[in-house]
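Reading through the structure tokens given below for one structure.
Every chain is named by a letter (A, B and C) in the order it is written, and numbering of its residues begins at 1.
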Amino acid sequence: MSVDSRKLLARPLQDEPSLDVQGFDRPRAFMDRVAEDLAPLLEIANRPVLTARQFGRDQLVQLCRLAARYETQPSVINRPLTGKILISAFYEPSTRTRLSFESAWHRLGGDVMSITDPLSTGLAKGESLFDIGEMLNHYGDVVVLRDSDERSVYEMLEALRIPIVNAGNGLDEHPTQALADVYALLKWRPSLVDGHSDESPARIGVVGVPGRMRTIRSLLILLSRFAPGLAEIVIVTDEREPFEPDQREELEEAGLRIEVVDDLDVVLPTLDVVYINSIAWKHGDYESLGARYRLSEQSPFKPGAIVLHPLARGGELDRSIDATAHNWYFAQARGAVFIRMALLSALSKTYA
Amino acid sequence: MSVDSRKLLARPLQDEPSLDVQGFDRPRAFMDRVAEDLAPLLEIANRPVLTARQFGRDQLVQLCRLAARYETQPSVINRPLTGKILISAFYEPSTRTRLSFESAWHRLGGDVMSITDPLSTGLAKGESLFDIGEMLNHYGDVVVLRDSDERSVYEMLEALRIPIVNAGNGLDEHPTQALADVYALLKWRPSLVDGHSDESPARIGVVGVPGRMRTIRSLLILLSRFAPGLAEIVIVTDEREPFEPDQREELEEAGLRIEVVDDLDVVLPTLDVVYINSIAWKHGDYESLGARYRLSEQSPFKPGAIVLHPLARGGELDRSIDATAHNWYFAQARGAVFIRMALLSALSKTYA
Amino acid sequence: MSVDSRKLLARPLQDEPSLDVQGFDRPRAFMDRVAEDLAPLLEIANRPVLTARQFGRDQLVQLCRLAARYETQPSVINRPLTGKILISAFYEPSTRTRLSFESAWHRLGGDVMSITDPLSTGLAKGESLFDIGEMLNHYGDVVVLRDSDERSVYEMLEALRIPIVNAGNGLDEHPTQALADVYALLKWRPSLVDGHSDESPARIGVVGVPGRMRTIRSLLILLSRFAPGLAEIVIVTDEREPFEPDQREELEEAGLRIEVVDDLDVVLPTLDVVYINSIAWKHGDYESLGARYRLSEQSPFKPGAIVLHPLARGGELDRSIDATAHNWYFAQARGAVFIRMALLSALSKTYA
């Protein structure tokens, strides 16, 4: 039985989305708010990117500013990384994050070599990450690494004389996802950059488990850099111990006000931003947490509230939200390419 | 035991093939017959390529003309797709088709990101094709998709704002293979383009099962665009019901004269063209059909007859034919790169 | 539990290594010793690279000279392979060798298409290497092939009209690894090129089994081209029959003086060079041989002795040697990219 494709052919490709978050207005407004200053980015040049901890507010703001420039003026990019090679090592599969990095590097003019085998493949199966890192020094210019073992990026780092970017290390961190999250937030509310918000401080809900979800661990660290513009961070979870030891204390010392609640629908009408995720990593595998929390078009959102999600999504985020103005997760995914272009530019000290 | 390579080293690489089908004469003769006209290709720009149904005769002729230009003048191609990214998503493995597309894109100057994992890999295992498509909008400029589920290309299409090319969807269609088939046919007999053939109408044998082989389903649709220059299409099969419902009727309404026979050697001496294939798709796997039909140098070919095959081949096509003038299947494979260059150029509206 | 990354962030990336073998002095000294002469490389143009046997001394010296030029003057390389496509077919997994070739091709400006599936994948599972080779003629400009079956490269060769490079064929040969070995040796002692050594003839230990290790089989053939500058080749093994039939005789006819010993520590103080490997190929798999031989910082090295290893390493090569001046294996791995650039340049007749 063949698919009847005639009806489908009668309609054109999807139009450009009408949601303004994917147009040029938001990144332009952000650029108008913030003056370009490459000095904070010079501190990142030729450095490893391991953890959200290493980014200060000025670096975050300038990375987002550079990303906004790439997003709004793609035609001015003059392939500054021509002749440079990205080694894209995804020992744990992740099409989404891998393609995002590779697209970013290609759009800057560089070449890519991908590794998508698990570490246990082939002759190299007994090879140490130190030896692999030593090899990569000679074969490429930047390494992006994802592995389900949180120690891998640190073990490889010991041998490296070229920058490495942590693209997710087990259940530890995913700092570049958090960069994409922050870029979406700053496009949504540019006044967050300096804390004297034009609006009342933002109340951000985070549906998930900070102690066991790497995206959320990294995000909370970055949010602490913008604490003056934030009201509360509301963690929505039914776990008794959602934090790992010292995690909450550290974030509070950094200025975040944190609440923990277990009923999403009760708190939802008070939230300006809802960040939701249900994937938690276990060693070598993952599990779904918080299956009882679900967002749909019918959820009691505050008017104007936005939803962020690192994607891929499961049942926690219903497709009925896609066509509403709450949907900022597609813009967040789109921005992930531009913020990674900005980061890779900064590492390579070539600002297109 | 090491291979004794000394004798092998004594001989040079294979010479350029002596068969004229791989030289410049055939595509040049075709170009001389047909005037270039980019107008029909403009209708393809930024459109999905889903099914052979969507191509009219003028588009087919102009795609082949552009392919012939690329085949004869490779040096004039000025890398028009520099900075553009092809996402080559082969969830069902196919080295041959994948490399053909990737080579075409590279020869036009673009970059490629490949996905060769099955869809069930990794975190994305539950991700919908809609969500994957939404992501790909931001990461590349054109998507080529192969999947063993015929619905996948349509599901991804719902989210796409960039062109997608169906590179084989289950047992449904394989339209770009059919384009390569037509390109070979038009180089063989350029007069097919306008129907008032210089020669007597061509009689084309198709060894296979139209209702269950995607290459043959797509080919027959395209052949109907050239019905005036064709005598009969002779389906050679031992299946009782080789067509799916309405398939034969639709082709006949489009002008094809169709016979069905079950003895290849009886009909072979009357055929100008023999298209043979033995692979039929089943959901997630494939089977070999018509194992009793085999062509070899000893088969009773009509003088001057040509053999086409989409490759990879099994026992149905003996290597003894390779060195004969019946062998047009290698030229067909060679042309597959140029016709895909033409198609990708037309989608991208950049005609090198 | 998250990794405490703060300490790690406090320290910079590894400095450039202090070992002089990775600096510019060694390749420059080699370049000073040898005049550039491209004539021997013209004989390699458009030829297959199958076995170490095919390389004469002048070709080896000039390949190494070109490699040294690339190593010392990376900035002068003007992307001569722009628009050319390397098909990197690794049916047997090998990240190290694959990336080395792909990096070399990219650094010369070309594009790469990788095949990393086993040959048994997908529809092509019954396809002959002849048919695959015929296809590759049209899709790329050079093929690099690794397969665990030693016959594969010869079977594919029968169809090829573009150059193929043997990147390891079962337990037979690994000629480009041997090129990297020779490049390291010539940088270590440039006087080897003409045999009237400034120093006393070099005594080279080879820990491994020449009849069953492809790296060692290829290396010994290339060493025979420099026999006048060498004292003895000392094979260190506990196998009773370390050679395959005629292997030793052939090497001795070519001028090598060969000893076989079974006690590494007894002979070690007499060796100027120690080449060590413990991987031997079996059909489709590999085994570790000679586990009793181990080198560490405490081993009784001759002063100034250097250690070579094709990597990846197992227990036979202790990391304690890494920081000593005996460590030439990292330089050897680094040089592998430049010697492959030189080889690919010579095949393509484009000398950057």
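By our rule, a contact is a pair of C-beta atoms (placed from the backbone, for glycine too) under 8 Å apart; a residue touches a chain by one contact, two chains touch by 3 or more.
For clarity, every value in this text was computed on a predicted model and none was experimentally measured.
Enquirer: Please state the rotation angle, between 0 and 180 degrees and to the nearest 5, that superposes the Cα atoms of chain A on chain C.
Expert: My answer is 120 degrees for the C-alpha fit.
Enquirer: Look at both sides of the chain A and chain B contact and report whether the same residue positions are involved, with over half shared, or different ones.
Expert: different
Enquirer: Calculate how many whole Å lie between the centre of chain A and the centre of chain B, each centre taken as the average of the chain's C-alpha atoms.
Expert: 40
Enquirer: Two or more other chains touching the same residue: where does that happen in chain B?
Expert: 111, 114, 116
Enquirer: Would you pull the chain B residues touching chain A in the complex into a rising list?
Expert: Those in contact with chain A are residues 46-48, 50-51, 53-54, 82-83, 85, 87, 111, 113-117, 121-124, 126-127, 130-132, 134-140, 150-151, 154, 157-163, 169, 172-173, 217, 244, 247.
Enquirer: Within the complex, which stretch of chain A touches chain B?
Expert: 1-3, 5-6, 8-9, 12-17, 79, 92-96, 99-100, 102-103, 106-107, 109, 111-112, 114, 116, 279, 286, 311-314, 319, 330, 333-334, 336-337
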